Amino acid sequence: MSGTERAVSAKPGTPAPPSAPGVHPKPFWSFRPRSDREAGDAVVSNFLLHWFPAKTYKPSLDWNYSFWLGTASAALFFLLVLSGLPLLLLYVPSVERAYGSVKDIEFVVTFGSWIRAVHRIAAHLMVAAVFLHLVRVFLTGAYKNGTGRGQRREWNWVLGVVMIVLTLFLSFTGYLLPWDQLAYWAVTVGTNIASSVPFVGPEMRELLIGGRTIDQATLLRFYVLHVIFLPAGLGALLAYHMWRIRKDGGLAKADRWTLGSEKTEAPPAKTKTWSLLGVARGQAPAIRAVTLEAADRTVNSVNDLVRRISIVVLGTFAVVSILACFIPSPLEEPANPMITPNPAKAPWYFLWLQEIVTDTTLKIGSFTINGAFLGGVILPTILLGLLTVWPWLDRSPAGAAGIWFHASRKRQNLVFLLVVLLVLAFTIVGTFLRGPYWNFYWPWQAWPELPTRI
Amino acid sequence: MEQRTSSPYPGKDRPVLAVIGVLLVVSTVVFAVTDHRKDWRWYQAEFRKMVAEKFGAEKAATLPAGMKQIWVKDLGRADRCITCHQGILWKGFETAEHPWKTHPVEPLRTHPVEDYGCTACHGGQGWAVESEKAHGPVHFWEEPVLGKAMGEAYSIQGDDKGALMQMNCNVCHRYDRETKGADLINLGKKLVNTKGCRACHVVNGRGGTIGPDLTYVGDKAAEQYDMSRLGGQKTAFAWHVAHLKNPKELVPDTVMPSFGFGTKESQALAALVLSWRRAPVPATYRPGVPRTDPQTTEEIAEEERMKHGPGAWFVSTGCFVCHSVSSLGVKSAAQVGPDLSTAVEDTQKRFGKTVDDFIRNPTGTMSVVLSRQIILTDAEKEVAIQKLREAFAEHQKQKAEPPSAH
Amino acid sequence: MTTKTDPPAGAETPSAGPNSRRDFLMKAGIGAGVVALVGQAGASLRSLVPNVSYDAPTTVKLGAPVDFPDGMKFLPDERLFVFREGKTFHAISAVCTHLGCTVRAEALSKVEEASVEGKPLRLTHRFQCPCHGSKYSGDGTNQTGPAPKPLAWYHLSVAVDDGQLVVDLAQEVGHDFRLTLA
């Protein structure tokens, strides 16, 4: 008989029926595989595990290479979908009832305030996580191709840029749904910035908000975008993103081991094909194979990779769950188109843009630079454009892929970090240092007391 | 033995995973407990004890448990006050402490709880089920409970410290000249009419244009007031009180004269002014709105005559809805059926029956009417027959009489 | 190539002392995590069970007793027949027990005096459903047609605050129920 595995037979004593190649003979896979082959079995037979290779390079598992930010982002996305499901059935997307339904979730739905807090905290953390993931990938040059044949890491990078835009848009559409003052005016500011695009700006804005004013049409469009189209799009791109990772041979860090590894002879494997010769002489032709896998550099995905992924995913869940017990979700007054709150701020991840818009609205003589257009459209478009095409502009060698702060990429890394720090600085200024009328207030300076009705 | 790659990871990672498992349990327990520990459970348990003590365990068992709300669809309010305030409709807890105290009966006669909810009158955040969030003042909820606490804070003059609540009364009672039970507001309205505010301001839709239109001034946001010259707490209410006492102090370039209002008058007017809001009050909630098209005096007189005249029986049974009985002065608006003055003859002519038989065994439309709409007992049927004969007799008498003006 | 014939040193042997305790604790931690996740999933499901009702309230005020003359009165909003005999009231639902249509009342040509569940009852009407022809007798008992059960009788009481008749559409009572005014 060839080297095929004997299946576990149903009745002792009777020979097991031959298993077809690729068919998993046992009903369950093992999470404590006792051999490499059992570990590989699990990857082949479980649907969720199919996306892993049988073996993972140890360097890929390092905490301090990638910080597992990509996994954390995916975990947060998953958590958002899960926490969004009950909210989907509790929230009412009507301008008359949206606010009340959110109040209901906060007060009378069992665990409602916790579910809402989980959703909100996961959303903010996801924006932060995908941003940090982008920074990490840039600084390690992981968008570069290594030595593999047919690697297209630059395309994966572009996918990632699209995904961060989708994430921001998901957060933005979700922000409007409570229909309170915060939501309403944040969307007003955001869509007004969008309308400053020349020629198509106003039409774009009208299409987005379903009219000229932010009203029921806007709420419905944002709601459907937020619960159907954007998550589906992001999910599909996530799947594609992961598929590309596999196609490109895993994390960029692992490329180096293929660079330097020697070919080692694998033990000759018996084939399953029969030749007349084999039958006649009792010998089957053997395959002589070489493997590039450095055996001392790899471990079984099941269970080492799976375990680390579980740590990141479950750890994310645990952290978000605990934070959600202590950080309440804000809800301001019901949306009132007649009254603009002072100050009216965009969500924190857009505050750097809002800050830049104010700073670029300048009067030079009698000419006013349109800050909304300059800071709100031109600048982000340039940044985004540069970001997207950077892999093709990067001239560093292939060996720089997957290494933190590689010498050949020092200059681009520095410039990138500078931009990142500027963005963070503007965000901090916009969040903490801007008060009513967008005046500048140091953190220790009290804002003017806001009057109330009675 | 099959090949098995050694790995340093299980030893490192399994403890971490176990810790995370514990963290997950901790977080689950924390949020589950936080969600369960709510004050309303204690308030309900206490009330159950109070009712059991006073009325017995059987009555206590009828008390609802859990979060309760009054959903007033027309006003768009879901008030959860009754989750804690369970005693409002129970007689016997008039001297109990809040939240178990019985509600004063008088206002509820005209404003039943199921039609008005609680917050429409008292203010507060009806959505909430916790005391501080429901009663306020709460950041971002601009309608705190207008009760005695608020009145004390503003040193409202007079014995009724809960008078500020009348601001909410006036949202519906706006066009009353005087509302029973709303003395603070009534004082304000009297002052508006006697001091000539309409000379300069539009009030309730009419007035002068020298000063700003006050029709919806209660909707003006607090941020839109210039509080720079206002001392003390910066609220819209305080601004109005100060402004009414001495307009020039708050608005130096104003032409509004000082009327010499004392604190009491200023507070009354401030409360009145803040109640002038653009509130969508359904017509059925507005006092004085006609519920039907009014009858003319002639129509009323006619109805009175028919109800007490000789044909009163046909009116009280409802026969007159379709039938006139002209000999007895009963006029039907619809006149669907024939005049019953000649019923005695008609039943014979049309159905070949005496009126007695017809009433006892009706055919056609009358069988439907008399089986579903107008149910007469056997005794009543005899009365009907007798009345029809009376009508006929009267009809023949009138025919015989020389015509005279009726 | 590392080929081990024995289990590698890093693996746990359940029978060994300190390792087995660690092993147990780790298993307990991971198991606890699984339980916690199931708990959180359960919490999400529990959040979908409504705590407060936006439905019309089931205890409905019907009006003052004086608005109910002797005999039968049909209340279309509550789908209820209210019967009065002097000071005694009872209420029968007009919802057909077959598929929920509103039945129609038809006055009996001759009033019957019957004894229903041990108590006397004056039957003045019978009921008929226009949808599929179910027929009910004067106390709501289903007689012919597809109706599987008699018409429901609902609890009547007098409101403490204003003395109106109150029906509790969530509380069914037997055919011997009577509300007798004081």
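Going in written order, the chains are labelled A, B and C, and every chain counts its residues from 1.
As a working rule, a contact is a pair of C-beta atoms (placed from the backbone, for glycine too) under 8 Å apart; a residue touches a chain by one contact, two chains touch by 3 or more.
Bear in mind the structure is a predicted one, so any value in this text is a computation, not a measurement.
Asker: Could you let me know which interface, B-C or A-C, is made of more C-beta pairs in contact?
Answerer: Higher C-beta contact count between the two pairs: B-C.
Asker: Among the chains here, which has the CA centroid at the largest distance from subunit A's centroid?
Answerer: B
Asker: What is the distance in Å between the mean C-alpha positions of subunit A and subunit B?
Answerer: Chain centres of subunit A and subunit B, defined by C-alpha means, are spaced 52 Å apart.
Asker: For subunit A and subunit C, what's the span in angstrom between their mean Cα positions?
Answerer: The mean C-alpha positions of subunit A and subunit C differ by 47 Å.
Asker: Using CA atom averages as chain centres, what separation in Å is found between subunit B and subunit C?
Answerer: Centres of subunit B and subunit C (C-alpha means) sit 29 Å apart.
Asker: Enumerate the residues of subunit B that touch no fewer than two other chains.
Answerer: 1, 3-5, 7, 10, 14, 17, 20-21, 24, 27-28, 31-32, 67, 69, 78, 80
Asker: So which stretches of subunit C touch two or more other chains?
Answerer: Expected reply: 1-2, 33, 37, 40, 43, 51-52.
Asker: Of all residues in subunit A, which are in touch with two or more distinct other chains?
Answerer: In subunit A, the residues touching two or more other chains are 34, 104, 108, 110-111, 114, 295, 314, 317, 321.
Asker: Which residues of subunit A touch subunit B in their complex?
Answerer: It comes out as residues 33-38, 55, 61, 96, 100, 103-104, 106-108, 110-111, 113-114, 180-181, 295, 298-300, 303-304, 307-308, 310-311, 314-315, 317-319, 321-322, 324-325, 331-333, 336, 338-339, 342, 449-454.
Asker: Where on subunit A is subunit C touching in the complex?
Answerer: 34, 82-83, 85-86, 89-90, 104, 108-112, 114-115, 264, 295-296, 314, 317, 321
Asker: Taking the complex as given, what residues does subunit B use to touch subunit A?
Answerer: 1-5, 7, 9-10, 13-14, 16-17, 20-21, 23-24, 26-28, 30-32, 34-35, 67, 69, 76, 78, 80, 127-130, 133, 137, 140-144, 146, 150, 164, 219, 221-225, 227, 234-237, 239, 274
Asker: Tell me, which parts of subunit C touch subunit B in their complex?
Answerer: 1-6, 8, 10-11, 22, 25-37, 39-40, 43, 51-54, 57, 61, 71-72, 105-107, 109, 111, 124, 160-162
Asker: Quick one: which bits of subunit C touch subunit A in the complex? Just the residue numbers, please.
Answerer: Per the stated touch rule, the residues are 1-2, 7, 33, 37, 40, 43-49, 51-52.
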